[in-house]
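Okay, so chain A shows up in both of these, paired with chain B first and chain C after.
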Partner chain A sequence: MYDLIIIGGGPAASAAGVYAARKKIKTLLVAESFGGQSIVSQDIQNWIGTPSISGYDLAQSFETHLRAQEDIEIETGELIKTVSKEGDVFVAMTEGGKRYETKTVLITTGGRRRKLGVKGEKEFDGKGVAYCSICDAPLFGGKVVAVVGGGNAGLEAVIDLLPYATKIYLLQRSGALKGDAVTQERIMQDPKVEVIFNATTLEIIGDSFVNELVYVDTTTNGFDKLTTRETHHLDVQGVFIEIGSLPNSELVKDVAATTPYGEIEVDVYGKTSMQGIWAAGDVTNLKYKQNNIAAGDAIRAVLNIYDYLMYNK
Partner chain B sequence: MITIYTTPTCVYCKKAKEFFTKNNVEYKETNVLEDLEARKAMVDKSGQLGVPVIDVDGEIVIGFNEGKLRELLRI
Partner chain C sequence: MYDLIIIGGGPAASAAGVYAARKKIKTLLVAESFGGQSIVSQDIQNWIGTPSISGYDLAQSFETHLRAQEDIEIETGELIKTVSKEGDVFVAMTEGGKRYETKTVLITTGGRRRKLGVKGEKEFDGKGVAYCSICDAPLFGGKVVAVVGGGNAGLEAVIDLLPYATKIYLLQRSGALKGDAVTQERIMQDPKVEVIFNATTLEIIGDSFVNELVYVDTTTNGFDKLTTRETHHLDVQGVFIEIGSLPNSELVKDVAATTPYGEIEVDVYGKTSMQGIWAAGDVTNLKYKQNNIAAGDAIRAVLNIYDYLMYNK
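Up next is the complex of A and B:
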């Protein structure tokens, strides 16, 4: 029986693990893999204390810091499927049927890529449709590609593709890009990049691999607010989808309250609706999904868990 | 025989190689950015234009899936 099980492998989980170990809380950390969502970022410039670091190096530093602690058990390659309550005990079950018992749980499972949900997306996944630009951009040398999504992840995908693709369309649903101004400026200067605003992707078409993307133009006429909803076709061999994330909260859906978006509802200490379960980071309903915030919120949750364990000894 | 198809920038490829090294698993790495023939072989084997693709004695694993690799390698 553990005092605490931390579920996840991103910044929140790593920060929580370090603090839990230093408090000598009997802790197990279970992660499918280490790194979190920003592992695919080429260059992170806002991790405080570090002007520039790759997502991969940041992930390595989290894991190294965590493994430097003596008092923590770590399981990797395991996915926790459910967390349930049996009497006073919480039970975490893995996909493979392993069972762990604990007094408290901290959910730091983060988010996963949101899918577009259009025709052809699933069919051509890995056949021109890609979700990891830093991984797969080199395979699109000499090709024309589309990036869907004008947030930071979309802008970064464009940057990853610049050395390889001959032409990059950036499709944004609304009339303005959402990513950091610094990155916007950088991509706007490049003649290879063409930003298409008010573009809603309808379909991805191909034979064995992608060769076309269809979108509808939702630009409204300023005078009568009408839109022609004209359909356009782009000849592209790749579609990189970067439209945000969904919370990985399914494991607690039967024991803790979530918002309609699936985010776990927490209070200022990270407490969920179920006493004994805390959550922190991108999986929660707190606004602004950031590495720094996830780490800080997870630490606050662990300190609160420590108090709870002391009080309920 | 384990072959991992990679690109130099691919982080999940690095994670997979790290996992092999940590567990003393020998593997052959093929960089499909440079080796176009290998790229074709990877696409033929997996139907995938995405890395990593890992060939474990003919079993194709797409992406870095530690659980799946542990199962195939019995570690």
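Up next is the complex of A and C:
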């Protein structure tokens, strides 16, 4: 029986693990793998105190710090499928059927970006294809970029790119944008931005780096419903794919409240609707998903868990 | 007229400054000096991703990262005395009478630990004298330590030290502890802990490192009110001074709500009771003051300010 099980392998999990070990909480950390979503970034410039580091190296530094702690058990290569409650105890079950019992749980399973699933997307991930405009917009100074997705995430990516890119194409599958009206207005007014409606991305092309995006025009003739299906090529050095993200919250869906988007609802200390379960980082319903935020919130959750355990021994 | 003024020079201020610059928010950062409270720590082991670094070097890394940003104005050596509202504009006034105008303000002025004001306290700061048990307890493995202060902070310091120190003296000025009953019970039960009531610390003594604490016994004879005033010596290698901390919130006391302890009340995004003013880090009423937490919260506040400015241009 553990006092705490931390589930996840990103910055929130490592931060939580370091603090839990230093607090001598009897802890198991279960990670499918270490790294987190930003492990693919070529150049992270916003981990505070570190002006520039690759996502891989930053992830390594988190894991190294965690593994330097004496008082923590770590299991990797295991995926926790469900967390359930049996009496006063929480049970975490792995995909392979292993069972762990614990007094408290901290969910730091993060999220995953929705992918387009088109040719070239995976090949150029981190080589012009980006999924985080807050992180990566400054890398596209003086460049022409496409943003795929006309919801709030897409509009915000355009706003993030405005100070950097020389030209921004915003591709939206349907005939209208979906984000906030104020943001739409601001984007539409800017001569740098060209919104392309009824555009379905087909392929991302490049050499060592992205240099082209191919889309098909699906504009429908309202009368006879014919679509043009014309193929177009855009010369771009960057493609921001902003079609939403999915929180990895399936494992607690039966025990903790989530939003309609599947994000785990938490208070400022990471407490979920289920007493004894906390969550931190990209899996939660708090806005603004960033490495530093995830780490800080995970630490606050662990310190709160420590206080809770003191009163629930 | 700025879009944002960040006030402070610790990790929260640097984190906020980096993000504000990357978001191209028209920002002024005003710091009396850079560093924050942990700049005096000899060995910080809990800045995530960095297993061990001096407080000075960590503070340098924050300032270097901040100063690497192109789009931010930085004023140092200036103390903002008041923030006030004039119409739709906030005015930050320095001690010297300089006046800055801005649409939004982020307060990251941190806190300061209450000092005992006894001989040796300053001399051995970071050399056995410590003010943060969460941070420094692991440095006192196998050592005998004294904790000064019998309120919640003192009790929690004892709890933090239990897994590390071999013996812990808890010195309380009055005849009773003040912290939570549950924590008191747990401490009293532990044979490692010796609570000394009516103890007023007089001096901290050492060579290169603390080795002795001197206190006076102020036990009163209830009948004729004579006190013993006997002097006692404790052989200790560490002294944790836990008599409270003071948030540096005086500058906004007339515009934003604070707790009875002077901490600025904030929501999860750092919003204060005054629209247009945010706060993050040790100056706020959120529990658990840590560098990573301060940085993460400051970043979330800046991203929230960015959204606010978009709708309040």
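Rule of thumb we're sticking to: the second predicted complex is superposed on the first by the 183 of 313 C-alpha atoms of A that agree within 3 Å, B and C clash if a C-alpha of one lies under 4 Å from a C-alpha of the other, contacts with A are read in each partner's own complex, and residues count from 1 in each chain.
Convention: a residue touches a chain if its C-beta (ideal position, glycine included) is under 8 Å from a C-beta of that chain, and two chains touch if they have at least 3 such contacts.
All of these numbers come straight from a predicted model, not from anything done at the bench.
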Chain B versus chain C as contact partner of A:68, first or second or both or neither: second
Which of chain B and chain C A:76 touches, first, second, both or neither: first
Contacts of A:159 with chain B and chain C, given as first, second, both or neither: second
First, second, both or neither for A:39, with chain B first and chain C second: first
Which partner, chain B or chain C, touches more chain A residues: C
Which of chain B and chain C A:285 touches, first, second, both or neither: neither
Which of chain B and chain C A:219 touches, first, second, both or neither: neither
Chain B versus chain C as contact partner of A:134, first or second or both or neither: both
Intersection of chain A interface sets (partners chain B, chain C): 134, 137-138, 160
Chain B residues within the chain A interface of the complex: 7-15, 32-33, 39, 46-52, 62, 64, 66-67, 69-70
List of chain C residues in touch with chain A within their complex: 11, 14-15, 18-19, 22-24, 45-51, 58, 61-62, 64-65, 68, 134, 137-138, 159-160, 163, 182-183, 186, 267-269, 286-288, 290, 292-297, 299-300, 303-304, 310-311
Contact footprint of chain B on chain A as seen in their complex: 32-35, 39-40, 42, 55-56, 59, 76-79, 95-96, 126-128, 130, 132, 134-139, 141, 160, 209
